[in-house]
C-alpha cells in the first residue's frame, strides 16, 4: 500500500475507532490479569477485493504484563461463535484479518495473554463490513500503464489508416525470410518451422503461429514444402488452420498437406530427439525457430548448423538468445520477434502499431530518466523533498 | 606452397580450420569422463569458496527461528536433476538440522516424485525423528502454473486440497494455522524454467509486501535472468552446480562443527564431486575459444597476405 | 462469414480477461481459465494421438522406408498408455486400498513407473546432456573476434568461464585487496550485476511492450494472421 | 545406412569388453530390491455395504547392492533381498539408450533411431496419462461427476464451486468443438476454441507483462547516478560511493541504449545509430555472460549421465558408497 493510501486510511479509521470506543465505554477492567487494550478498531481496506479488515489497537497502561495477543472474529449472524484469527507476540499492535465474508459484518476481539498465559478481558470492535469494492485500488497504476500503451498503439494505427506514411527500419532477419524460402525452393529441400515447445496459452507461441502464417504464404507462392513438427496438440491445430488459410490465400490450396504439420510429443527432449533426427535425414535448407524455447534451442541450432541450413530464430526467452546468436544466421531479439508478424505483413495498421510501440518506449524511457533524476537528487539531498517525491513517483508506477 | 596465394600456412592452423566438430565432442567427453573416474576412484574433491549469494541462502535458513514454516516448491524435472538435486538435498538437510517445519509442493508434474526421493534420501535416512504430517508434508503436483500461485496467495488449502497421498489439508497438523502463502516466512524454490523462480517473484513475493523471504536454487541458464532480482526481491540464490557446491560445503562445515568428529556422508558431497568435471570442461572451453581465434587470425592474415 | 466469428470470439474473450484483473468480482477469472485451458489441452491430446497414430500406421501399412521404427513408436505408445491408464502393477494406495484406481501408477513397482525409469528418464536426460558437446562446438566456431560485438561476446564468456571454476581463483587470487573487485570470480559477478542486469532489463521491458502490442493487435482484430494471412473473407 | 565393416568390428570389441566386465569381479549393472509386504484391513462399512476384508500386496523397494551382500553374508538362504530382473533389464535398457543417444553425435545410426522411436511413443503416452490423471479426472470428471470420482478413483475429491462447474462444462464444450476437426463437415467450428484460447491468452498476458515487466523493471532502474554511501558511523564514504555510482550510471545508460536499439521507426544512423551501437555492446556482454553461466549447467548434466554409466551400470567407480567394497576388488575380483 503506497504511503499516500495509508495516510487517508488513518483519518477514516480514526472516526470509526472513536465511535466503537464510545459504544464500549462501560467495559469494566479486571486488574488482576494483563491489562486489555484501551482502544481497538477494525477498518475495511478501501478499494480492495473485500474480505479483509485491518485491526489495530493501543495499550495506554504499562504493557510489561502482556506476553502475547489473541485475535478472534465473529460473524454478525446468530449462532456464530468466536473464531481465532491468529496469536501474535506482545509487541504487535496491528493484524490483517482475511477471508471474511463480504455480506456480513464482523466483530473483532483483541485479548491479551498474561504471564502464565491466562487470558484477560477482551475488547471488541463495532461490527465492520469488509465489503468488496467496485475496483481494486492497488491496480490503478497498472490500469493507467495499459491505458498509455494502448493509446499509443491505437493512435498510430489510426494515423496509419489515415494514410500517413509509416517508416520502419530494416530488420535483417525478416528480410532474409524471402531468400531463405527461395534457397529452399532452388535446392528442392524442405523448410522446417518450429513454433516453440510451449502451448497456445503462451503469447510467444501465438506470435510464432502468426509468423508461421506469413512464412507459409511465401512458401506456398514459391511452391516449397514446409514442415511444422509441434510439441503440443493445440499448437498442431492452430498451425494447420494458419497454414491451410495461407495456402488458400496464395491460391495453392491443392498443395497443402496437413500431415506435414504433425504432433510429435509433449516431452521437450523427445520432441528434440525427433527433430534432430529428421534434420540430419531430410537436410532442410531453411530452419525457422519462432516461439518459446528452452534448453533445446542449442541442440536445434547446432544440428541445423551442421547440415548447413539457413537458420532464422526469434524468441522472447532471454536465456536462449545467446545460443541462437551464437549458432543461427539471424536472430530476432525479444521485441523484434513480436514485431515480426507486423513487419512481414506490410499492412499499414500493423506497421502503425510498431510505431505505437516506439512511442510507448519513448514514454518508458522518459519515465526512467525522471526516476533516475529524482533518485539522484534524493541521494544527494536526503532530507529535502526529493525522497518523498521519489517514493510518490514510484507509487504512481505501482510499486 | 599451397593454400592462400603462396603464403605458407602452418599445418596446425590448417588442421584447426578443417577441424571436424566431432573431435571437439571427443575432447569434451574426455574432459568430463577423466575427472569423474579420477575422483570416483580416489574420492578427492576440490575446495569451494562461498560467494555472497550462496552464503545468503544459508543465513536466511539459519536466521529463521527453529520450527519456522518453510515452503518448498520443486519446479524441475529429473532432466535437470544433475544441478538441482544436490541443492534440494542440502537445503532440506539444513532445514531438518534447524528443526524447521517443511511443506513441499511441485508445479512441475515430475517434481512430486523428486520431493519423495529427497525426503527418503535426507529426512527418512538421517532425521527419522521427524514425522510426516507433523514436521513435513508433501502436497505433490498441482497443474495450472501461475494460476496455482495466485490461488495460494489468498487460500493455500484451495490450491492444495489434499496431500500427495490423499490426506485432506485440514487434517494435516504441520499446516495448521497456515491459510495463505504469506503465512510461510521463507519460500525455497528449486527451479529449472517455467513456471519457476521468476513467476514466484512476480506473483507471490512481490505481492506479499515483503512478508515472504524467498531463496532459490536454479539452473545455470536461469542465473543471469534472476540476478536483477537479487538481493532486493530474492534474498539468496544458488546458481548452477557451483552454487550447489558452495552451499553444500557451507552446510557440511556447519553440521560438522555442530557435531565434531562426524564425517559427511557421500550423498552430501555430490555437488562438490561434480565440480571436478566442471574444471576439465571449462578449461577445454577456454582452450577452444583461444584455438578458434588463432585459426581465425591466421586465416585473416593469410588472406590479407594474399591480397597485398 | 466463417472467419469473422472466431475473430470476435478472440476479441470479446480477450477484453473480458483483460478487465477481469481489475474488478474484484471477476478477479478469479484468470484461475478459472487456467483450469479450463488445461482441460481443453488434455482433450486436444486426442487429436495429437490421432495424428501420431495415423501417420505412423500409414507408414507401417505402406512399408515406407524406416517403417520398423514407426512400429516401435506405436508399440511403445500403446504399451505406455495402457500401463498408465490401467495402472498396471501399481500398488494400491494404503489409504484407499479398496479402490481399483487409487494406486500411484508412477511408483517404483508399477509398469508405468518402470517405463519412466528405464526409457523416459535416460533418453531425455541424455538428450539434455548433449548440450555440453554442442556448447563446446558452438564456442569454437562462433566466438571469433570478427568485430567489436563478437569480441565483447567472447571476452565476457571467457571471463565468466574462468571465473566459475577453481582455475579462476588460482589465476587471479593473488590480486591485492583494494583490487579484489578485479578477481575473476568477483569480476564476473560485477558483470552480472551491471551489464547483465541492464541488458536483461532492457530486453524484458522490450518484450513487455512487444507482448502488449501483439496482444492489442489481436484484441483489436488488427492482426488476424493467427487465422492465416488470408485476412477476413 | 549399412554399417561398414569397420563399425561392426568396433561394435564387437565393445560388446566383448562389456561381457568381460560382467564376468570378472563382482560383475556389473545389477539392481537389488527388498521385500516390503503391505497389508490393509478394510473395516466393514454398512453405509457402502462393504464387508470387512484384508488386502495384501508385496512392494519391492530398491536397495544398494551392499545391503544384499550384507544380508547374504548373514544368512545365505535369505530371500527378503534379491536381485530384481525387471529393474536390472531396465538399467541395461537405460544404459543402451544413453549410449544410443550419445552415438548420434558421431553419426545418425539405427541405435539412435530406435531410441528416437521409443521416446516419441513413450513420452507422448506418458504426458497423455499425466494429463488424464492430473487434469481430466480431478478437474473435468471431478467437476461434472464428483460422486463417481469419489466412489472409484479419488475419495478425497472435493465438490467444486458452481462457477467452476460451469467452467468445466464450457471446457468440455470447447473440447468437443475442437474434436469436430476430425469430421470433414464441421471442421470450421474447431477454430472457435482456438480463437477463445488465443484471445484469453492475449488478455491475460498483456496484464501480467505490463505489471511485472514493464512497470516493475522500469522502477527498478531508478538508480541514483550519485549514490552517496555512508559508512557505519554515518560519515561520507568516498570509494564505495564512486563504485556504486559508476555501477548505477552503467546500468542506466545500458538500459536506455538497449531501448534505443529496439526502436523500429528510426534507422540506426547518426545519434540513434551510436546509441543502438552501445546498446548492442551491452546485449553482447549480456549474451556472453549468459553463455558462460550455462556451460556449467550443461556440463553438470553430462557428468550426471557419465556417472550413471560408470557407477550404476559398469560398477567401475563407487563415489556414493553403494557397494562399499574396495574398488579394486570390485573390478578385478581379488
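Per-chain residue numbering starts at 1, and chain names A, B, C and D are given in the order in which the chains are listed.
We take it that contacts are C-beta pairs under 8 Å (C-beta built on N, C-alpha and C of every residue); 3 or more make two chains touch, one makes a residue touch a chain.
This is a predicted model, so every value here is computed, not measured.
**Q** If I count C-beta pairs in contact for every pair of chains, which pair wins?
**A** C-D
**Q** Distance between subunit B and subunit C based on Cα centroids, please, to the nearest Å.
**A** That gives a centre separation of 18 Å.
**Q** What whole-number Å value describes the gap between the mean CA coordinates of subunit C and subunit D?
**A** 10
**Q** Taking each chain's centre as the mean position of its Cα atoms, how many Å separate subunit A from subunit B?
**A** For subunit A versus subunit B, the centre distance works out to 25 Å.
**Q** Find every residue in subunit B that makes contact with two or more other chains and list them.
**A** Touching at least two other chains: 21, 25, 28, 32, 79-82, 143, 146, 166-167, 206, 221, 223-225, 228, 240, 242, 278, 281-282, 285.
**Q** Provide the list of subunit A residues touching at least two other chains, using ranges where the numbers run on.
**A** In subunit A, the residues touching two or more other chains are 139, 142, 146, 149, 200-201, 203, 206, 234, 237-238, 241, 263-265, 267-270, 273, 295, 318-319, 321, 323, 325-326, 333-335, 339, 354, 357, 361, 364, 399.
**Q** Can you pull out the residues of subunit C that are in contact with at least two other chains?
**A** 18, 21, 30, 33, 35, 37-38, 40-41, 44-49, 52, 94-96, 102, 120-121, 123-125, 127-133, 135, 137, 139, 141, 143, 153-154, 157-158, 161, 164, 192-193, 196-197, 200-201, 203-207, 209, 211-212, 214-216, 218, 226-227
**Q** Classify the chain contact graph as line, ring, star, complete or other.
**A** Per interface graph, the chains form a complete graph.
**Q** What does subunit B use to touch subunit C in their complex?
**A** Of all residues in subunit B, those touching subunit C are 19, 21, 24-25, 27-29, 32, 46-47, 49, 51, 78-82, 113, 143-148, 150-151, 165-167, 223-225, 227-228, 240, 242, 275, 278-279, 281-286, 288-289, 291-293, 295-297.
**Q** Within the complex, which stretch of subunit C touches subunit A?
**A** Residues of subunit C touching subunit A: 18, 21-25, 27, 37, 40-41, 44-49, 51-52, 54-55, 120, 123-125, 127-128, 130-131, 134-135, 137-139, 141-143, 153, 200, 203-207, 209-218, 220, 222-223, 225-231.
**Q** Quick one: which bits of subunit C touch subunit B in the complex? Just the residue numbers, please.
**A** 30-31, 33-35, 38, 93-96, 102, 106, 121, 124-125, 128-129, 132-133, 135-137, 139-141, 143-146, 154, 157-158, 161-162, 164-167, 169, 185, 189, 192-193, 196-197, 200-201
**Q** Would you tell me which residues of subunit D are touching subunit B in their complex?
**A** Of all residues in subunit D, those touching subunit B are 105-106, 130, 134-135, 139, 154-156, 158, 208, 211-212, 216-217, 220, 286, 289-290, 293-307, 310-311, 316-321, 327.
**Q** Can you list the subunit A residues touching subunit B in their complex?
**A** Result: residues 1, 86, 98-99, 198, 268-269, 292, 294-295, 306, 318-320, 399 of subunit A touch subunit B.
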